[in-house]
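Consider the two complexes below, in which chain A is the common component and chain B and chain C are the respective partners.
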Partner chain A sequence: MILTKNFRQRGARVYTKAQMQMMESLVTMFIFFILVVFGIIFFFKYQQISLQEQETEMLAQQAIDISLTALFLSELYCSNGESESVDNCMDIQKLRGIEQFIDSHKQDYYFDMFGYSGIYVHQIYPEKRNWTVYEQVKTVTLENGEKVPADKEPTFFVITLRNNLGLNSSNQTVYGEFGYGYIHVEAYS
Partner chain B sequence: MKGQVTVQFNWIYVMVAGAAILLFFIMIITQQKEMSEKRLNYKVMNILENIFTGSTVAENTKNFLDTSGVRNEVFQFRCELDEAGGIYDVFSYYGISGSSASIESPLSVVVAPLNVKTNKMILWSMPYKLPFKVMDFLFVTSENTKYYVVSDGSSDFYIELMNSTNGLNVEFIDNVGEVEYNGEYHVRLILLESGIPFIEHEEAVPLELSVLNNDQVSAVRFHDGAVLYYVKRGDAWYVEGGNEGEWTPLVSTGSERDAVAYAALFAGNAETFRCNMMKAFKRLSLVSEVLQDKVDLMVGAYESREEYADCLSILKDDSTMYRTLSLAAQQCTTNYLACGQFTLRDQATKIYDLNQELSAAGCTRVY
Partner chain C sequence: MRGQQEIIGMVIIVIMISIGFLFFAKFAIDSETDKSVFVRKGLAYSTMSAILNTEVECRTKAMSMGEQILEDCLIMAGGDSNTCDSELDACELFVDKSSKMLDETVLQWGKHYELRVYKTSVGSDPELFYQIKSKDCMRSRDYDSSGMFSLNLGEGNNLLAQTMLIICD
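And then the complex of A and B:
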């Protein structure tokens, strides 16, 4: 078949038009997928930030849970015989040996209760005294190999401290059964 | 012709490409839906854990929790002892059935039916004392768990239950024949002390309850300071543990608002009750040790002060009773039935008497 010049020109125009249409479709789809990818990236970034916020919230909640548990710990609370116990109060006589006691039972009991946290009791009146009830620091290893404590969330509660025996840290007699101070709880992330 | 083929090809191409894109989005949506459900379950369990912690420390209080948002979820509460029957390797958790969202509770005592599915959960905290406060028990039940207290009215516990169970779905009846079923999720019969047992092994269950699933009905019988659990199998009651069954002793001082009795009442089965009690014994062994240290400190302080000679003589009468209690409680953590519950009760009574004596003499009490 002999193709005339006109026919060849017409064919070329048809082919070019078809190619352009195909390119149009391809480009449209390409841009569409780019937009979808942008959308997905944006969504996952948002999720990541949202998860970080949730993690911070959970850490704060964990700190409160540990504080509540420590405040109402049967090993330390101020009992009152058969009556209701004294609220927000710790018995100094029980505090004296508590660090060693809890340390000796950390692996089999108290770690399950308090996890990675620190519980410290500070007396302000009538004299400044400090007790470490529980401590298990969580460390993270930095890129340079250095170990540093992980992020922590501190909480504080004011408490009274009952001194039934009326003896201070030097075993001298003091007056007044109740002192006051605060409990300081640090929960590690 | 060529045009026709081109047009048809375009449409096929569009449909295939469209289907592929749709499938891609459906896949993402399905994945996101599953992840959202999982995340929601974990969030629910975290919130529940926080609520349980708060409820536990608020002792002697009942909290009513609106769970209508998760009314279709089944919450399960399990406490399983290790192979030797101790709590060394206890498997204790509560969570949403059919999902991995669960909270392990190897230390806290959470006593509940095995499964709870409800619009309203009821949380009740009560201190366990032996005789000093050991820890708080948290009882979990629901508005659609029905309790029938069956008694001839002579039991003290019956009168106590009438006053203490406000807000719970409890009905007091004279005999098992009066049991009705009104669509509850679970029915528990509480059979108090009586001359003749209200139900027996292999006896028929009430007609109203026979149509229910086996796990929707249970019973617990109180007798002579111990409890026996019954399960429903088909139309009959069966004692847990076989024909004679194993009575589970209640280790407590038997005073009013005895947390142990209430724990037996709410526990899903005998194993759950014993498992939770053994957690309490473990805690008892630790708290007793702390109090023993306090006693030693008091003895040391009084020895150098003449004005406390009376207090010293009272304390020195038996200055190691807390340690004895601690050791006895430790034994109880290895096997409940081998536990010397009479030793625990006797020691608890001695400790109580000592504390009363100290109080009467104007001395500082140990607890």
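And then the complex of A and C:
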């Protein structure tokens, strides 16, 4: 009583036990809700990143499927008469004329197979050469009306390139039937 | 009694936070997808196969990287010191060409490689003969190999060359 009286005299506020307990409960609940809010923020951020990753993964899977389809395309692979074809190999002779052929049958046949993608073959050895097998770029329109290519996922596979003709890009004789190169596939989202 | 209840409450909160961290760590560490494993494995296989099949132009003939150059390297331990006018012996030529090929493909795509060549004879353990690498892939967490590619080194000598390409991130 003396203590209360002294506090009152000094103008200090005195809480009852019930008030203290209520404040304790309020603080506990406040901290609990802060933790819950943090948890929800963390969960949504994680979900967002996870969705983006899934989209990238699906795009990459699409690129792998296109690469495999292109590798086993009878228009390109190294056939060997009636015997087994050469593994992971493309024929340069076939590559020379394929772009024009695919381009003329893009809408009626190849688009169903490759969709919006780009398939490019690069030779590294014995000389550097490039071929575009298929190209159908997907564009997106920005807010300012500008058209830009959509997001794409590149995939690479190393291949052997067979040169049956024995001629290089300048029509000079080359010795060595099998060269080294790679196939580069870009799949658009 | 009240003190005990509060301690139990604290323990429950600590356990829940620990479980949360464990989940986070699991997702953060175990982020490697089947796709990246498939790509690495496929890439290692196709690269190894392409290197061995590639033919090097040698004056008016062609020499296969696997069946001729590597064979010369392993049987004659280098052999001709001027293979294909390159001023390199067969082993050096194999190392030179294959490292250039790997640098222009695998390394340029942000991956590292380790190419191992083993010499094996019947009844003995494979002996590591050559190793070309951009990084020590076996120490890396994410790596895949092409598997062993075997080449018979001539008839009657029971010798075998085994090559393996390891690709890592």
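Keep this in mind: the second predicted complex is superposed on the first by the 135 of 189 C-alpha atoms of A that agree within 3 Å, B and C clash if a C-alpha of one lies under 4 Å from a C-alpha of the other, contacts with A are read in each partner's own complex, and residues count from 1 in each chain.
In this text, a contact is a pair of C-beta atoms (placed from the backbone, for glycine too) under 8 Å apart; a residue touches a chain by one contact, two chains touch by 3 or more.
Since the structure is predicted, the reported quantities are computational estimates derived from the model, not experimental observations.
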Tell me which partner A:I124 touches in the superposition: chain B (first), chain C (second), both or neither.
second
Going by the contact rule set out at the top, does A:G145 touch chain B (first), chain C (second), both, or neither?
neither
A:N88 contacts which: chain B (first), chain C (second), both, neither?
second
Figure out whether A:Q61 sits in contact with chain B (first) or chain C (second), or with both, or with neither.
both
Just to be sure I follow: which residues of chain A are touched by chain B in one complex and then by chain C in the other one?
61, 64
Which residues, counting only chain C, touch chain A once they are in their complex?
20, 27, 33, 35, 38-39, 42-43, 46-47, 49-51, 53-64, 97, 100-101, 104-106, 109
In the complex formed with chain B, which residues of chain A make contact?
18, 29, 40, 58, 61, 64-65, 68-69, 71-72, 74-77, 79, 81-82, 85, 91, 93-94, 96-98, 101, 105, 109, 112-113, 164-165, 167, 171
Quick one: in the complex, what on chain A touches chain C?
39, 46, 57, 60-61, 64, 86-89, 124-126, 155-160, 174-182
Touching residues of chain B toward chain A in the complex: what are they?
6, 17, 28, 46, 49-50, 53-54, 57, 106-107, 131-136, 282-283, 286-287, 289-291, 293-294, 297-298, 301, 355, 359, 364-365, 367
